[in-house]
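These notes open a run of structures that come right after.
The two complexes that follow have chain A in common; it is paired with chain B in the first and with chain C in the second.
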Partner chain A sequence: MENQNVIELRHVSKSFDGFFIEDFSLDVKKGFVTGFIGGNGVGKSTTIKMIMNLLQPDSGSVSVFGLDYENHEKEIKQRIGFVFDESVFYENLTLAELKEIVKRAYVKWDDSLFYDYVNKFNLPLNKKIKTFSKGMAIKASLTIALSHHAELIVMDEPTSGLDPIFRRELLEILHQLLQDGDTTIFFSTHITTDLDSIADYITFIHDGEHIFTKDLYQIEEEYAIVKGGLELLDQDTEQEFIATRKTAYGFEALTSNKRKAEEVFGEMALIEAPTLEDIMYYTKKGAVPHVQLNT
Partner chain B sequence: MKIIISNQSKTPIYEQIHTQIKEQIISNDLKPGHHLPSMRQLAKDLNVSLITSKRAYEELEKNGFIYSVVGKGSFVSDQNEEMIKEGKMKGIEEQLLAAIQNSKDIGISLKELQELLTILYKEED
Partner chain C sequence: MYNLIRKDLVLQSKMIIGLMIGLCVYLFLDVSSLWVGVVFSIAVAMNAVTIDEKSSVHILLNSLPYTRKEIVSSKYIVVLLLTVMVSAAIYVGNLAIHGEFTSLKNLLFMIAIAVTAISVMLPFCYKFKSSYLVTASIVAFGLYLLVVSFFIQDLNDRIRAFVEFLLTMQSTGAYVAFVASIMILYVCSGLVSFRIYKNKAF
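Then we have the complex of A and B:
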């Protein structure tokens, strides 16, 4: 498998009122699935909008397929399928009408693929999109995104409005898309269990900062939850942790140096594999709050 | 090829896949030259991430159980002596375990069993 990057962000900065992304760099590998996680309001959607050129960074560069948006916007957009969490369609159109508009924008538009997905998702072609439920709207968005043989699928919270059955079906569809080895998938989510069976890499963002991009096994090898009695804690040991949660009964903490924790605590503490939620929770807890830009 | 994955197990999923394929190669259920599914196909069928099937295949390849040909895929290697021995050892272990269980059931001590084993072993010589 090639080690090519489909998306590259280099030292990207972007600021709004009271919020900023600073010196953010990111690689998304070709042919793999990268899950983009982080809490609400930490910069996930902003980052995705910059990848889609819906927002431009204040400084730094964004390239997709090795191309920049200034000179190659049309070419890049041809090759991306984009799924939003909010409906951006003309709500008074039917799906059939929408298709007629969208297909003209794509050289590789494939009507038969479109109808395959419409059937698979059981979508009505002649009802106005504004009458769609949230799940149907996301399915419609997916249908449009998948019907022009895109090489890169970018999705912003695609599973958030979906029931568990369809979430599973979606994962199957994504697995199917990956079969050719050329399709790359990048999607944000806070339903971290969706990532277990599909994501190869996890990119974690917190407070506008890129905390890490690692493969799932690296995370398992480096991070651990340590649990034990309070007598094990002193200043030195506590410093080893990203954050610690103490109660009257004991402590629970996250470390990014599992091996060291095993050396220090040995059999005295319980050392377990963390979930992605554990990592998100403790990283937020342990983070020094950002200084606000406009105060 | 048969692979059953436990999501509750502490053993990483790639290791579960690796172990199960390895066992089937050692037991000769998967014969040398057998064409394995592509990593992407396996990931899809087992509903695991691609990096999981990739890592399982990499481990199998590193340990000489399979080899891959660019553009063609992965195949089961000819087994070497050591692997065959390992496979047979496993069979012996299983038979011994059964003998131990049967002995325990009727109250034969470890010492008695050892004596019996020694006698039988020497008789064969």
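Then we have the complex of A and C:
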């Protein structure tokens, strides 16, 4: 069967001062939106930089479109569109001048597509990029990323610092992009509500470890927030949870085994669907011993 | 690669025009064209480095379909091109302003000094930042004074004699060897810069 993973990281390790990613493996499926979530400083940007070959792993392998960077760097990058959370463009240039520089790098650059997005986003072509607001800068990045028929769009925190209206607009554009073709989107965010409407898969990273990659439906099936009185908690029941938050009135806990929680607590506890934020919060709270590693 | 070279020339076009005007002013004032050429060549080279120095720009260049080898080698080609442009401007400027032909030997010597200096500066800038060059220059000057004071007291005379020797060389073979050694130095500098840049994290 043809390999349907656009990105594959295998047993990747990378260490810096005070931070490391160890034995990290990840698959990103072709034609889907994968949301990459995790708190600040857990390794999201490092992973994205390794996917873009801005950082080389100390060990392990990174392949994109089934190709490695060692031998196919230009071929891979021709097919990727990128958006970073900071403006990476020459700030003294106008968007029109920048386009003239960037377009020459891409074989499949499409001027008409570029102007379509410029109009759609209301971007000024002749104003210097340094005068752009954060939202405009992200729109400019997105315009460049979408103007060369990229098969994979990699975005690092594209929605951070944006107002809700533009965030919604951005998500709509990504939606449209998916309907139009076979594009794969991989984007990191810590605004998890962005993902509910658009992501097919969620990849969750915590402290340099890949906790899971699951589709939203699967998360709903497996994870649950359990709420109940403190009398329900003992050592055995508490071990079923990733982490527990106790108050004077009761407890609230996250489980990755919803069915078992339903069996154990039955009607005695309230079992609810967790938000992605709940999963992030409790995973951090529960730290390593309770985390079920599952890819 | 061609696109990267073009990008550097486009980004620097205003700066290059400004520098060329400044160069003409110096030539008009009849300042030694050799040293004016060296200073201007180094200035344009450093400008070529600083326009790409922000880490965000490295993220851009390395995310575009270019290899790190292309990014470094294009910079070396651009800097060499700019140095040749400065010497051409001196040649034309001297002819237009003073009506005299600049000796090719002088121009070659100017390029040689500039290329030697740039060969040291570029790897330094890839490893650190160009802003540290001032500190490094002060340290180098301090070392030079130390050497002159305590070890080789006639260093200035030796340098002068060496320059004299180079400028009075008659044989073509000697010139070819001189140019070749400068080019080898430049290529080695490029290899060192590439090695530094290859594993740089952005």
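Definition applied: the second predicted complex is superposed on the first by the 282 of 295 C-alpha atoms of A that agree within 3 Å, B and C clash if a C-alpha of one lies under 4 Å from a C-alpha of the other, contacts with A are read in each partner's own complex, and residues count from 1 in each chain.
Note that contacts are C-beta pairs under 8 Å (C-beta built on N, C-alpha and C of every residue); 3 or more make two chains touch, one makes a residue touch a chain.
It should be emphasised that the depicted structure is a prediction, and the values quoted were computed from it without experimental measurement.
In this superposed model built on chain A, chain B and chain C occupy separate space and fit side by side.
Legend: residue contacts after superposition of the two complexes on their common chain; A:Lys108 is shown touching neither chain B nor chain C.
When the two structures are aligned on the shared chain, A:Tyr90 is found in touch with chain C, with no touch to chain B.
Once the two complexes are overlaid on the shared chain, A:Met52 sits against chain C while remaining clear of chain B.
In the superposition on chain A, A:Leu216 makes contact with chain B only, while chain C stays out of contact range.
In the superposition on chain A, A:Glu73 makes contact with chain C only, not with chain B. An angle of 150 degrees, to the nearest 10, separates chain B from chain C at the C-alpha centre of chain A in the overlay. In the superposed model, A:Ser197 makes contact with chain B only, not with chain C.
Judged by the touch definition given at the top, the superposed model places A:Gln176 against chain B, while chain C stays out of reach. Look at A:Phe82: by the touch rule set out above, it reaches chain C but stays clear of chain B.
No C-alpha atom of chain B lies closer than 28 Å to one of chain C in the superposed arrangement. Contact residues on chain A toward chain B in their complex (touch as defined above): 1, 31-33, 171-172, 175-176, 178-179, 181, 196-201, 215-217, 220, 273.
By the touch rule above, chain A contacts chain C in their complex via residues 49, 52-56, 73-75, 77-78, 80, 82, 84, 86-90, 93, 97, 100-102, 104-106.
Per the touch definition, chain C reaches chain A in the complex via residues 3, 6-7, 10-11, 51, 56-57, 59-60, 62-67, 199, 201-202. Residues 7, 10, 12, 14, 40-41, 43-44, 47-52, 54-55 of chain B are the ones touching chain A in the complex.
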